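In structure tokens below, several structures.
Two complexes, one shared chain (chain A), two partners (chain B, chain C).
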Partner chain A sequence: MNQLVAPARSLDKSTTPGALFSTLSIPIAILVLVVIGSVASPSFLTVNNLTNVLNANSAVGLIALGMTFVMVSGGLADLSVPANVAMGALVTLGAQESMGTGLAALMGLLVASMGGVVNGILIGYLRINPIIATLGTGSVLLGLSQLLVGGGIVYAQPSALSTFVKSSILGIPVFIWIFIFVALILHPLLARTSFGRWSLAVGGNYQAAQASAVPVRFTKAAAFAMTGFLAGLCGVLLALSNGQARPIIGTGYEFVAITAVVIGGTSVFGGNGSVLRTVGGVLITALIGNLIILLGFPSQATGLITGAIVLGAVGIDAYFRRKAGRL
Partner chain B sequence: MTTESTPAVALRMTGITKSFPGVMALQDVDLEINEGEVHAIVGENGAGKSTLMKILAGFYQPDKGEIEVGGRKAIHWTPREARSRGIGMIYQELNLVPDLSVAENISLGAMPTRGPFVDYRAMNAKADAVLRELDTDIDPGTRLGDLSISQQQLVEIAKVVARQPNVVVFDEPTSSLGDKETRVLFDVITKMRDRGIAIIYISHRLQEVMEIGDRVTVLRDGRHIETRDVAGITPDEMVSLMVGRDLNEMFPKFDLGLGEQVLAIEGASRAGQFDNVTLDVRKHEIVGLAGLVGSGRTEVARALFGLDPLEEGTITLAGKVLKIRSPRQAVAAGIALVPEDRKGQGIIPGLSVRENFTLPVITRITNALLIFLGKERKIVTELADRLKVNPPQVERPLNVFSGGNQQKVVLGKWLLSEPKLLILDEPTRGVDVGAKADIHHIIGEFAQDGGGVLMISSELPELLAVCDRIFVLHEGVIAAEISRADATEESVMRAATGQEVAA
Partner chain C sequence: MKNFDFALLGARAVQYRLVIMLVAVAVFGGLSLDDFLTVNTLQSVLDRATVVGFLALGLTPVLIAGQIDLSIGSMMSMAGITTIFMQPVIGNVPAAAAGVAVGILIGAVNALMVVVFKINSLVATLATLLIFASLALLLTNSYPLSSEDPIFGLPLTADFLWILTPRSAIFLIAAVLMFVWLKLTPTGRNLYAVGSDASAATSSGINANGYIAASFVLSGFFAGLAGMMQSLSTAAGSPVAGAVMLIPAITAVVIGGTRLEGGRGSSLATLGGVLALGALTTALEYNGVPSYTQAIYTGLLLILLISLDRIVSGHGGASSRAQRSVRVAPRNTPLPRRNA
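Entry: the complex of A and B
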């Protein structure tokens, strides 16, 4: 830390309690979950179980990484995620026969990204409320995907790409590698680049950012385009590894992603957040889901418990903001 | 105000101590306010004035200390409790709803009802009574947004007065008001005082304190320094108590040779805001833009910066005719604007001082991909040092800094962009005497280094001291161009009030 000369009446160099809370709380929460898990079940702390848990959460984790930018830049949330996941998956499998798997997957990514770009234009440039806009594009796109496949299932053909997607490198599944790779790109994008700084500024005070020569509309739009792309990537990966896809393939993913971002301590009000913390949020949600099953609770309890945690996290965020005088 | 008998104490705060992480904001501060007195509080930026008032209003809990209102100790001191015990607060920023009527704004949060419904008749009657008490002719049925800023401020006051407070705090109420509006405000304050209300008045304008205050308390570095009768103190004494040293030069003026034209505006118009404005700024020159509140000063500045583009007329910057449609284009062309509305358009509250400083120029301190954090820190540390940002902790979020220090950061942000033309809209708003001299120095240096400055200020002495030339706007039209030699408070005021037509 580059600490400046402290003024005479400075007490210490600690940050605000809110910041302290969110820096330390994630590792602590993970540790607590791991301890509970190992006590609760001997099969919890095994390489096999943990790899499976991470593997199962990597695809939706990608969306959380994108959703971080949406929230940071004051775009609230992208509710069109399930539609873009479905688009990515269905286009890939639908076009597989005519184009070959590689090109079909690119098509899937492209179509989902287009969905994200449309969101970006509606929200960033036309300034439509993000919830309304993504709810709208989401139902249009989902309806379109259902029309495409007639509500049924599309099956994949065997291909080298799907074999690769299901394989492991150095004992770690490809899904996890992809998640790590994307996180390693997006973390510095938010923390260390001009674009990242713009995102934080736009979410912190839109008008002041605009008056400070920040390309506010582009910044907001880009977050949604990025999330559309990552939702598409999630869909492509799931389709190839499952060997099939249905329009409902991404149902609920928007909430899982929002949960992870919020648990990671990114504010729903915009203006702060970090991709690394979202990675922490993904881990925590993954472990909670796993524990619920290991402890023998019905899996339906997952929504209840994570929902309660989200409310708690948002409440604490609001509390510290209030205390810091940002009412 | 001296009365025969000992005046009753309306409010007593004793031993108030409050620390924030990293900063001791208040240390063992005592304050006693009598009924029917105007008690001024002065102190440098960050001295703790606003913090003390937020404790009084129940927004912050003190670490130590006691509050006594009307002889009763305050316990469980929350904003709601403070309000119900008669504490009223009037902040610099208005907290009103533009789309509601004046009466609705006044009753907001305490609407009179009849059964489950709002009793509009009672509400209007109440608003009418309060407004009359304040001696204004504002119609309670008007939409708030249709009022001028000073009228809105009166509504804000009416809102507080309607709750029948015993103590009313004004935290820098005049920084966005012109002379005329300030007069109106002082009348209102005097009236409230004469009705026995205890008034706390915070301002950096010491002349105002001399005029309206009965007693004055000086805070420095979070400590209570002294409380004196205003009759027995001079502004100079106040300043030295505030800064703990003597301050000699208040308005430094560099002598500069004039250079070529930086800015020329010709025939600029925007319907309903300003009409056929022609003015110019040269290198090394500080040009003032004077006028009453609402005369179109801010609107001209906003148009130059691309916030509300011109409808007619041309802008020429350093010889090139520009069509400026957005702040991005303005900044790219070499124009910077320190806005009047600091909270709304100046600062990103949650970002650190460092991040706020470099926001407009961030792409200049990156390689193809990443920000050079080391270089950024170095630039920012030097700048914070030069501007005397206090406390000098550039990693702290800007919203925890005092108003004056936030203002320095906004100014510094634009200095970093190295503009050709620096537009300043009320650059020393909410800034203390010492920092004000600092800011004038910085503006002077900027001009010396070859920049041109267009400066708007409601404080005439400031304009007269700093500017080489002054353009005066009256109802959107340039009424006069006055050279430094001819500029006096009188000549500028005459033009601003439309008593003198441009030659």
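Entry: the complex of A and C
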């Protein structure tokens, strides 16, 4: 029954202008940004700058990878991301003293994953609207994380793990390695496994997927559990490398992640998308953020420019889809 | 038999949730605080609920039309800083109007993106959320503006009529007017048809795009109103005033019973949701509960109500929506094309 979905997707890859646009747009956008950057500032196209840019965006990039599954499977978006990031970070640093850094980090991951599982049960099994469900769980979890630390700030103790997280292997920071590693696992998971095809099928047509014996509830729930885990991982990594954590540590990350996924071209309606595209989206948002600073714009302009690009990219995409008669 | 009773109990609990909540808050507040059950408290609850209330009221038609507007907070911030900035330039009342106009303008941008450029409203309003939150910070250089005429806005929160302040009176009137519009006029009923099934509504001669666009403009208007009133009554225009308002506003609307799936909801239900949430927040605050713990209660309440609603109603939501669109659509229309 999964084959029913596959041919439909390969048909989409025909040479309509829309398909061409969506295939080429990401590499072209990255190229354009790199050209603008190297013209604008001599310090842009240096190994140091590019490594820093990627390093700074890897943590939130992890969340975008998870959010891809959420959107592909028709789960709209996970708005509880900041809460799960905070949980991961605060539990890790809070439990560090009593149980050691390694165990504390695992604990942080576990708690954040639990948050994701709760989202999954509410959305996948109870079929509550994802926006409401994750607003609710986000509110509860963020409150709990603040309760945990009395609304204040927690400091890390020096540990081997945090030294490792801040270090580089072969000249590339560990953050980037982790991002590459997770992307290398998740891309084939979505593109080549049954679970990936289930996700696409559930997002494409829920009833049809259900009728074809796809475990629709599990598939949708798993996407949210995964995003919870990755948000937790982001929190743990940030806490260990920053040496401190506050409950607001992940504020706005849900929007950054959604933006990266959407710029990558994954449909918000569900049913199509790829992890590789999201990686492209993360690169584009990272480069935009860097260019804004290098070109001397105030950093507050980031949201303005990112938002305008989202509108532009999605608007053009919607236009081509309509032209191809698929909307 | 026992199972059935439980289901019935659940259904009743969902049906009368607002009454139950308000009574529970009154009992809890009355027991835990000496002078909670007073006219003063009621006035304060109403007055403080007004800002979230305007946002929630604006969100209601958008949700009924089956769309969502995440940018209400950013619109509110923009309206607030516009009002305060324009005060010395064009005078107090025109500045207030300018603030509301900015809300309407951004609402029109949302409408343009959703209706003309066919961008999913979640993405479109997420983008305008980012754009206008960022613009508000840029325009003010991240510092709140303080009003040149701080006295002007004070009467908005002054004593007015028994339990009312001027701004809460405006809020109540707006909620009732919207109720009349939604339930008693053809255009209001058409909005429900659009939210139930846009293509069916279009087949029966309703300009679905027009209704969706209007709902976004209306949401902008109310967000502008919220921003204008908030900035005038605090005599400051903060670029982040609206950033924390989105979640309480959506929570209030959903507690009231308006569905995100479209085709269901009412402004009086939203009013109830706003009051229940406002009363709960006030009671907790008077008890010295920190705001982050309040967020836990609010979030749990939201999840509990929505889960209960889902468990009790089962798949009833879909069928009643279908029935409603049948009732609204004239007979002898061609069979609507689904999934257009």
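In the analysis below, the second predicted complex is superposed on the first by the 312 of 327 C-alpha atoms of A that agree within 3 Å, B and C clash if a C-alpha of one lies under 4 Å from a C-alpha of the other, contacts with A are read in each partner's own complex, and residues count from 1 in each chain.
Methods note: contacts are C-beta pairs under 8 Å (C-beta built on N, C-alpha and C of every residue); 3 or more make two chains touch, one makes a residue touch a chain.
In this text the structure is predicted, and so the values were computed from the model without any measurement.
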Query = So, does A:Phe255 touch the first partner chain B, the second partner chain C, both, or neither?
reply = second
Message = Quick check for you: in the superposed arrangement, does A:Ser41 touch first (chain B), second (chain C), both or neither?
response = neither
Message = Contacts for A:Asn49 in the overlay, against chain B (first) and chain C (second): which applies, first, second, both or neither?
response = neither
Message = Going by the contact rule set out at the top, does A:Ser159 touch chain B (first), chain C (second), both, or neither?
response = neither
Message = A:Thr137 in the overlay: touching chain B, chain C, both, or neither? Say first, second, both or neither.
response = second
Task = Could you give the residue numbers on chain A that contact chain B in one complex and chain C in the other?
result = none
Task = Report the residues of chain B in contact with chain A in the complex, numbered from low to high.
result = 19, 21-24, 54, 59-60, 221-222, 305, 307, 327-328, 330-332, 337, 339, 344-351, 355, 358-360, 362-363, 366, 369-371, 373, 377, 381, 384, 390-395, 397, 399-400, 413, 417
Query = Which residues, counting only chain A, touch chain C once they are in their complex?
reply = 76-77, 122, 126-129, 131-133, 135-144, 146-147, 151, 247, 255, 258-259, 262, 268-269, 298, 300-304, 306-308, 310-311, 314-315, 318-319, 322, 327
Query = Quick one: in the complex, what on chain C touches chain A?
reply = 68, 113, 117-120, 122-124, 126-131, 133-135, 137-138, 141-142, 247, 250-251, 254, 259-261, 290, 292-296, 298-300, 302-303, 306-307, 310-311
Key: Parts of chain A lying in touch with chain B, wherever the complex brings them together   = 2, 4-17, 188, 192-194, 197-198, 200-201, 204-205, 207-215, 271-272, 324-326
